[in-house]
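Reading through the structure tokens given below for one structure.
Letters are used for the chains, namely A, B, C and D, taken in the order the chains are written, and counting of residues starts over at 1 for each.
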Amino acid sequence: MLLKIRSFMQKTFDAILPIFATLLALIIGIFMLKSLGKNPLDAYQALFEGAFGSQRAIIQTVIKATPLLLVGIGVCIAFRGGVVNIGGEGQIIMGALASAAVALYLPIPSRLIMIPLCLLTAMAAGAVWGGIPGFLKARMGVNEILTTVMMNSIAVYFSNFLLRGPMIDPHEIEMGTRAAQTAQMPEYTWLTRLAPPTQLNTGTILAVILAFFAFVLLWRTTIGYRIRAVGFNSAASKYAGIKVPIYQAMAMILSGAFSGLAGGIELFGVQHRVLENISANYGFNGIVTALFGNLHPIGTIPAAVLFGGLMVGGNKMQRSVQVHSAFIDTLLGLVVLFVVAAKIFSTNRSKRRAKNE
Amino acid sequence: MSKKYYPAAVKQPIKQLQMIDITKQFPGVLANDHVNLEVRAGEILALLGENGAGKSTLMKQLYGLYQPDSGRILINGKECHFSSPTDVIHAGIGMIHQHFMLVSNLTVRENVALGLKSSRQPFLDLNIVEKKMMEICDTYNLKLNPRAYIWQLSVGEQQRVEIVKTLYRGADLLILDEPTAVLTPQEVDEFFQILRKMAQEKHLIIFISHKLHEVLAISDRVTILRDGRSVGQRENKNLTKAELAQMMVGRPVVLQYERAAPSVGDVKLKIEDVWVRNDWGEDQVKGVSLEIRSGEILGLAGVSGNGQRELAEALAGLRKCSKGRIIIDSIEMTKASPYERILAGQSYIPEERNKEGIIREFDIMENFILEDHDKIPYSKHWILNFSNIAAATQKAVDDFSVKTPTLSTKVKNLSGGNVQKLILARELNRNPKILIAAQPTRGVDIGATEYIHRRLLKQRSEGTATLLISEDLDEIRALSDRIAVIFEGRIIGIVDGPTATAEKLGLMMAGVQEEEQK
Amino acid sequence: MNNLFSAATIFGIIGMAIRLAMPYLYAGLGELFNQTAGCFNLGVEGIMMMGAFSAFYVVYQTGNLFLGIAAAAVIGLFMGLIMSLISVTFKAAQGISGIGLTMFGVGLSSLLFKTLLQGTVQSVAGFAPLKIPVLGDIPFIGETFFQNNLMVYLAYCLIPVCSVVLYKTTLGLKIRSVGQNPQAADTLGVSVIKIRYLCVCIGGVLAGIAGATFSIANINMFQEKMTNGTGYIAVALVYFSGWKPKGVLFGALLFSFVNALQLRMQVLGINIPSDVAMMLPYILTIITLVFVQGRDAPAALSVPYERSEN
Amino acid sequence: EDEVFQVAMVMPSKINDYSFSQSMYEALKVLQSEVGEENFEIVYSEDMFNVADAREAIRDYADMGFDLVIAHGSQYGTSIQEIAPDYPETAFAWGNGTDFFGLDNVSVYQARAEQGGYVFGQIAAAVSENGKLGVCGPVESGDAKTYIDGFKNGAAEAGAEVSVTYTSSFSDVSLMSAAAETHMDEGAMVLTGTSQSIPGAVSVVKERDGVWLGVQWDTIPLAPENVLVSLVYDWTPILNEIITKMTEGIYGGAAYDLTFENGGLQILWNTENLEIDQELIDMADDLAQKIVDGEIEPLPAG
């Protein structure tokens, strides 16, 4: 019982720690704002209001948090399997492109068929894009950090190619504007909007459900057990008869699938067409999110809201006090640095706890 | 922050070391509880204790790796604080660690040179290092190839590197944490020569071992730890194994077991002319053929590095045979995966227990189900059943008296011996048809050793076919029905277990055929 | 239509590859030091941008190129200190702190560009090509290899230097052992923390200089995000290199060569969609990796060192 | 409060992208300087490449009661279409837009870059000795693409040979310079190109003393000796029209093109640094006129 309370306190401490760290970063931001000749108070008020200040703000934050959460879950799974997935960007893009192709070129005007089909396609595409590095690592020991970085660039160029050639919106060609984007997805593939006119959609709910699914998968099933075993000690796993390559690859494939789905939900829930930059750095920020959440799928949920809030609030800040977008990037960078650095305090604390038992 | 140790005080050699009231608390474990210990120049102190008694922890504090929670360390009567090994090395203290401290993808000589001033700073003088090191090897006749990479060496050879490393640094005070655990009798004798020589040269030596006869043979005094407390200081005069054992375990320990006559059944494991290559592609096992019947223990004796490891790994399916056949229950399994062998009822207790036997970051329960996690009762339809897992683990932990605060303690926090007990518990719990046991009691205290031996014999009587790979001749002779001796990858003779003498086996391990002996 | 195989064209491609490889060499060797000591620094991109800006700004103000390089090095050192503080002292997850450092560096450099230079692109006189007497006059060979600027030559000289430091000096031995088995190094009195700080800082300095090459040794002007992912590629190249300086050289040249090649093909009107052409270097790097074997990663890579569990 | 005319601009790149966004922002600045800071407020959101963010920005500005909200990117179409109806009191302008969805508070504008491209193609062909031209393109889309297509057409009709490279990135300065180098290695001495990464190319042209034709912004300061001419976008005429209409209560429902005709496309010769003979200038003006009169089709038919 006592132990339970303690572990609970420990958990809450872990949970609020990132918030403290974030505040610390914002304090440094004050000086930067002053040197930019902006009023820090107004700026941060805008930041907060933009993130959590109104119903619309909160909704915007949640919308942003959704892809972050999905990518984050993927990162957690990969990490537990002992692989690092820096390929989120590419997997998002491929997920979006593939599902867009299905939606555009497969005329089955039925939500019941198309929505699941499109989302599954997105997952499959992401899984393939993550699976290739996974396979290369598992079978030939090619380092996945290298390959995922490369696959990101390849995906970007590939999407540029499609968006400017084969998949470009025919309308854009007629009008001669030639913007690099696909035609709009057909109505019947759109995810249901939960609070019109905002873009909050059922994808968010799906993401949260999947977070819990991932938790169960990793800690309550034999598959998860094997993934974690391989992640910690492949030699011992091999000794125990676990097929190491398969589960290494599987970790990457699952991870990719989640990122791919993020792309699909971004497409059918928010954007409704594939544009350049549809990945919008979610691939990298998703990694950060996962770490905010202690690389635990459930922990990633609040982490995504926090980080999403910062991004949305940052834009609002830009609007209200007209700071350069570069300032927001800098600030986010600081936040990340402080949050990861702060982790050590919770670790030390938990050790002290254990000791005094 | 603790004060630094002044090298000034080191100038004159260490005459006396005292550790007073040392207390060290680990998460959930009081590893040292007001421990006292003293050594004087020219003296060899043996530190005895069961697994988890706190020996290594105590020594790590002396070596500056851990900081004591309380207590004092005096050198020549002067108190000093070691905040890092650097100070300690300065002070003239050297340590051979229980778990090797070698950089596996560096060469032997690079490992020796590591951290030393070079004669042509800033450049390496590997050749000079090599020369000096070979001199040491010659004086204490230790065989080593200075240009070999560590990962190419057998455990025994690695232990030699550790010894050379320490000797090279010429410390006054030597801490030896189970240095003989992986040495052959001959090597142990040679090693003891070294120690005696050093003792005469007025070195101070702290020697940790679980092998009582070694302790009696080498030490001047014995300090005994139990559950982190020092329970005895004895001059090594007419001490007996039984006494020591009793003090360590806190109860009388039987050191000889009566073995029922073997009731051997049909052949369970058949090895036909098996050839296996080592990590760097040379044949290490050269045509070994063996047969093990159910209900018998076949001992495989040999100096480490003669192919035992490769053979064991081949049998476990972790290494593929370049030639030959492995037959389990009259089914060819030469190319079978580890999983298939496990299903076929084979268990394997690996030599590299920390690397292969367990997952250090997993807790005890998770490690306990390593091979069987996908089988009822541990899981059903892919869903793990934790209550069953906990129950089974608890039982095993109790049976095998694994010392641990809780079942969800991470295995990396267990002492070496307790890890081994856990592995054994897991493997025997599956009650295997075939058991490959590589060095099952290496670094395990007598209490546990006794228990492990009993369990092996129990398995035998239950019809398990056991291949016991060990360098401990006492163990081999105590347990084996037949003893095969391996030398340079070949079986140079199989003798009847109970009647085999240590001398005879020792000679065979050195490559002398049975016939030649007569 | 010219063909791809005229001597002029081929040497042109090689020459360009040699120049394009320069930043990858600086950044890659820097990251090599990081990783050999067991630190994974994904912040290279950010450090490079800061280096690029500081170098440019100093040269813009003083006109002194060497001050510019120095500035980049100092800023790089500073960024390296931040990185090591976070990942070594605070034992933070290294991949992530790297990403944070990149966000920070890229952001801050743009911010400074906007505030100090009002975000207008200006050009400075950068390092001029430096013709090596005799050698520089050999037809083709000369202009390909011996008519580059000082920073290019330096980049290539750095390779043997790093090899010697890593494999022939006591420091190198310490670095390698700290990356492989910090416990062992520690028990021999090697200060894991010091070595790692040192290496991350060396990495920072080199990354800073790598950035500087963009703004004062190649294009000679500053533009936001001008390093355009070079940092990430550099990190990737270290894995490609199998943690050997030679490997970094090979990887950087290969990558740059294919880039130069695809540009040339575009110019020669050899018809492949530009986006597809852009993929080639990346695809090829991956494929090569599948065949290049025998890599040994530092065992303790990106694992923060803790002396014991308590 | 009410006298102050408030404009908000949302753009996918940055206000100093030396290209599409910057030209519009500078036009706004010009208007502001005409009527004075106090009467004309400009705010902007840059780096809004993520459409979701942009949409939120647009809605938020409309919400804050801005008079004119400029969505300066073709990818914002859907957002405008959804948001505009909710704010009839606000005028929306959609950059590079294709149509105004029959909404009377939305106007669309786009640059007819191909017109400039055609003329520049002719100029380049005229000044190049060996009839070899190089184009450093960023990405094969948007007005960069249309400009380049126009350029190719113009050069071709003047009998010059054009080779085009794309770096597939707006920001990769070093690859852009490598591209320029490659062009010059292959003998092209007259180069042109667009996007914020072309400083890389210009620096090479400067080093190797070639000729550069700048687009979308005044490149002359970068290489006074080498930039022959710049094609600048001047959005003030269009903005003026939009705003005057607003004062008349007309909030949109119109499409505008940036052309030679309405003075939006301007040819800026580098006469203060270079000797440029009048014939060339006349030729250019003549071609521009022909395009205005519809005698020349900048883009090849079909």
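FYI, a residue touches a chain if its C-beta (ideal position, glycine included) is under 8 Å from a C-beta of that chain, and two chains touch if they have at least 3 such contacts.
Computed from a predicted model, the values in this text were never measured in an experiment.
Trainee: Pick the pair with more C-beta contacts: A-C or B-C?
Mentor: A-C
Trainee: Could you state the distance in Å from the CA-based centre of chain A to that of chain C?
Mentor: Result: the chain centres lie 28 Å from each other.
Trainee: With chain centres defined as C-alpha means, what is the inter-centre distance between chain B and chain C in Å?
Mentor: Roughly 45 Å, centre to centre.
Trainee: Whole-Å distance, chain A centre to chain D centre, using C-alpha means?
Mentor: 35
Trainee: How many angstrom lie between the CA centroids of chain B and chain D, rounded to a whole number?
Mentor: One centre to the other, that is 75 Å.
Trainee: Can you pull out the residues of chain C that are in contact with at least two other chains?
Mentor: Where chain C meets two or more other chains at a single residue, that happens at 114, 224, 273, 275, 278, 309-310.
Trainee: Could you check chain B for residues that touch two or more other chains and list them?
Mentor: Counting only residues that touch two or more other chains, chain B contributes 26-27.
Trainee: On chain D, where are the residues touching two or more other chains?
Mentor: Within chain D, the residues that touch at least two other chains are 14, 140, 168.
Trainee: What are all the touching pairs of chains?
Mentor: A-B, A-C, A-D, B-C, C-D
Trainee: Could you pull out which chain C residues touch chain D in their complex?
Mentor: Residue list for chain C touching chain D: 2, 8-9, 12, 16, 19-20, 23, 114, 119-123, 214, 218-221, 223-228, 230, 259-260, 263-264, 266-269, 273-275, 278.
Trainee: For the complex, which residues does chain D have touching chain A?
Mentor: Residue positions touching the partner: 8, 12, 14, 43-53, 55-57, 60-61, 73-75, 78, 82-83, 86, 96-99, 110, 114, 139-143, 145-146, 168, 299.
Trainee: For a test of understanding, state which residues of chain A touch chain C in their complex under the given definition.
Mentor: 32, 35-36, 84, 86, 136, 140-143, 145-147, 149-151, 153-154, 157-158, 160-161, 164-165, 284, 287-288, 291, 324, 326-337, 340-344, 347, 351, 355
Trainee: Mind pulling up the chain B residues that touch chain C in the complex?
Mentor: Where chain B meets chain C, its residues are 26-27, 60, 63, 65-66, 84-86, 88-90, 95, 97, 100-106, 110-111, 113-118, 121-124, 165, 412-413.
Trainee: Could you list, by residue number, the parts of chain A that touch chain D in their complex?
Mentor: Per the stated touch rule, the residues are 60, 63-64, 157, 160, 163-165, 168, 171-172, 175-181, 184, 197, 199, 266, 270-273, 275-277, 280, 312, 315-316, 318-319, 322, 324-325.
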